[in-house]
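Think of it as A, B and C in the order they're written, each chain with its own count starting at 1.
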């Protein structure tokens, strides 16, 4: 990336940080929100107190189980859910024209504005882990840090790719006032129901488990829970794809699927976003300023 | 090689899709124009005439459907990114591009980076803009706490941070008070004179176009119906300057003497007033008054009546112009 | 009369906006189903462990959870409505226009409330019906309708009153962006302490008293007793809870109206209700 793009990204980030910090009450509520969400699930876990609950192959600590779900949820919330509203904000604010009238690439303004989501949600992921560990009895192991890092990078990339596909629909398919379907279908329906943030997906009816196989979260959570929760089993397949390809170890398969999803979603999202901007240029719909 | 014309548009046509319909609305219809380097060029027209669409095509923000063109030597189809990187624009709405969560100064700092202003020049340029547009006192204010007029000045300041060779101003003085509007017009002249920036502006204020623009294009229903200097547009209107002299009834000899002056088109006395139509008031007024005095006509009052750009505009739109 | 007409006009405006984008209706229906579905699966996962704490409700954790979530979703939409309405209108520069008429802002908020009330009622009723018919959520066959309606209305008006208090903060505390703290606090306390997601008995005893300070607790308890156990006004707990809810509804509405009225007056004397133009 050229120097000017980095400079601009830093400026966007600085701007978003200034805005974020100017709402101190919101910053406090943001921290407390994470804490309270963890409290809710910790309290929910108390129903299992004294029982021999097991979430095979994910160990037996429900708080650890859920906190990892929250970790992936907060990251994905930004990467997948943020690009579309950011593009929408640029459009309705009339600033897309002004950004286009600069030496910046198409992506820098959107990436820059996304930084607000990064400030909001990435630290929340860490806070969820911290609160769970410090106050609510979550326990983690870090015996495979390299694998964990790869999984983290791949979930970031794959969800961002879906986010870019979602963002592209603003211009490409003209979803300006309505709810954006890609984000809605992925984030608000499939992921919410089948990612297994708060329960193992084996609880779901089989068709929903198969549906869950379409999203990167399922594989990321499966791998992270097997590797990070004490008592997690790295070998026994439970997901439909793992059962279908039982020759491969579940964690290996998870990482492979995540890699494929990243390799597909990211370039596709990039391509569609550029096409969307070019279409808007042809049709005169870059901003609402006429 | 120096570019004489910074903008060349030839037979530009642009049609918009009408939502939920197969019909298309023709916003620009076979528009051609050239804009010279260092010119202040005006686009006049009623709402929906196509001014903003034309600006967007010229600035690379919008792709034309037909025709060819270059801005700063860059092709509007193949090199639109290069065009966009080298022009500036002020949108008609003051709040576009203004972040209400940043102070006035912080807004300018942000855009200075986005527009790739050299790091060492940023602070100086921002200070210059704040002083010139009299925004210094609002430097640390939130935009939503200052008036719309001052927010418009902020928008102008933002667009002039980088001295791009071409600046598009879309109704830059709308919502400004008289003093601020005058200051903005002075700024437009100044940036044009001192930096040689070519300014293309749309405006509804005809006096503004008259004051600032060397040439004016009058647009109507997607077409350019007239494009020339204001003086030529007046001349082409086939309406002449008039002198209205309140005086005693001139003698026949006096009337004949006036009519004999070559530039006189008409001469009529009625209701105590002598109305003389002529081609150029400024050069011939004194001669006419001398003739009347020489024939002993007592003059009470002299009034002049030059056709304005508004006359030209109205006349052109209603089909009477060139 | 004029106020009612204005209110209905604003409600109709919301309806028209929805008609222009009908997909938004379907998507919000789906979203409600998905949220309820998510908690349904949580309860399915934990039902065997929670049964012991739910003897008062027949031990059915799934039905317990779904009913809690459905009514909570409904109330949350009403709770955030007043602040959200003022916030949106402010940034769209419509607030001052609304304020220029006699009932302006009040009719605007009331109209949006009216629309949201019916809109949410339809959606959440659909979710409940599907839950009962298709996934085995159990509702008492002898469901006493009058107490159910009474609880529901008291709950809704309590949340609306709290929402008005939150809306007043738009001017009083100058909360122009982000989350409004009062309704956020109510939401958080409700989620943790009112037994939406789990029986109150599992909370540490030392903090269970907090539950009794929150209206949602009484609403959830009463609604569940009515819907799961078929208890009516003959039941002392139902009667007491309903009385408490009635008190909350009246109190919160009066306080909310008074605080918002005061906030608007204060804004009127200060910078006005709109942006500086």
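Things worth noting here:
Going forward, a residue touches a chain if its C-beta (ideal position, glycine included) is under 8 Å from a C-beta of that chain, and two chains touch if they have at least 3 such contacts.
Predicted model only: the values in this text are computed from it and were never measured.
Closest to the protein's overall CA centre, chain by chain, comes A. Using CA-based centroids throughout, the chain positioned farthest away from chain C is B. Distance between chain A and chain B, defined via averaged C-alpha coordinates, is recorded as 50 Å.
In this assembly, the C-alpha centroid of chain A lies 29 Å from the C-alpha centroid of chain C. The mean-CA centres of chain B and chain C are about 56 angstrom from one another, to the nearest whole unit.
In chain C, the residues that reach two or more other chains under the touch definition are 177. Counting partner chains per residue, chain B has residues 101 touching two or more of them. On the side of chain B, the complex with chain A involves touching residues 14, 16-17, 27, 52-53, 56, 59-63, 80, 84-85, 87-89, 91-93, 95-97, 99, 101-102, 106, 109-111, 113-116. By the touch criterion stated above, chain C contacts chain A in their complex at residues 20-21, 23-24, 27-28, 30-31, 34-35, 37-38, 41-42, 44-46, 49-50, 53, 61, 175, 177-179, 181, 184, 188, 191-192, 197-199, 202-203. Residue ranges of chain A in contact with chain C, taken from their complex: 23, 25-26, 29, 32-33, 36, 39-40, 43-44, 46-49, 51, 53, 177-179, 184, 188-189, 192-193, 198-200, 203-204. Considering their complex, residues 4, 7-8, 10-12, 15, 18-19, 22, 93-95, 97-104, 109, 281-284, 286-287, 289-290 of chain A touch chain B.
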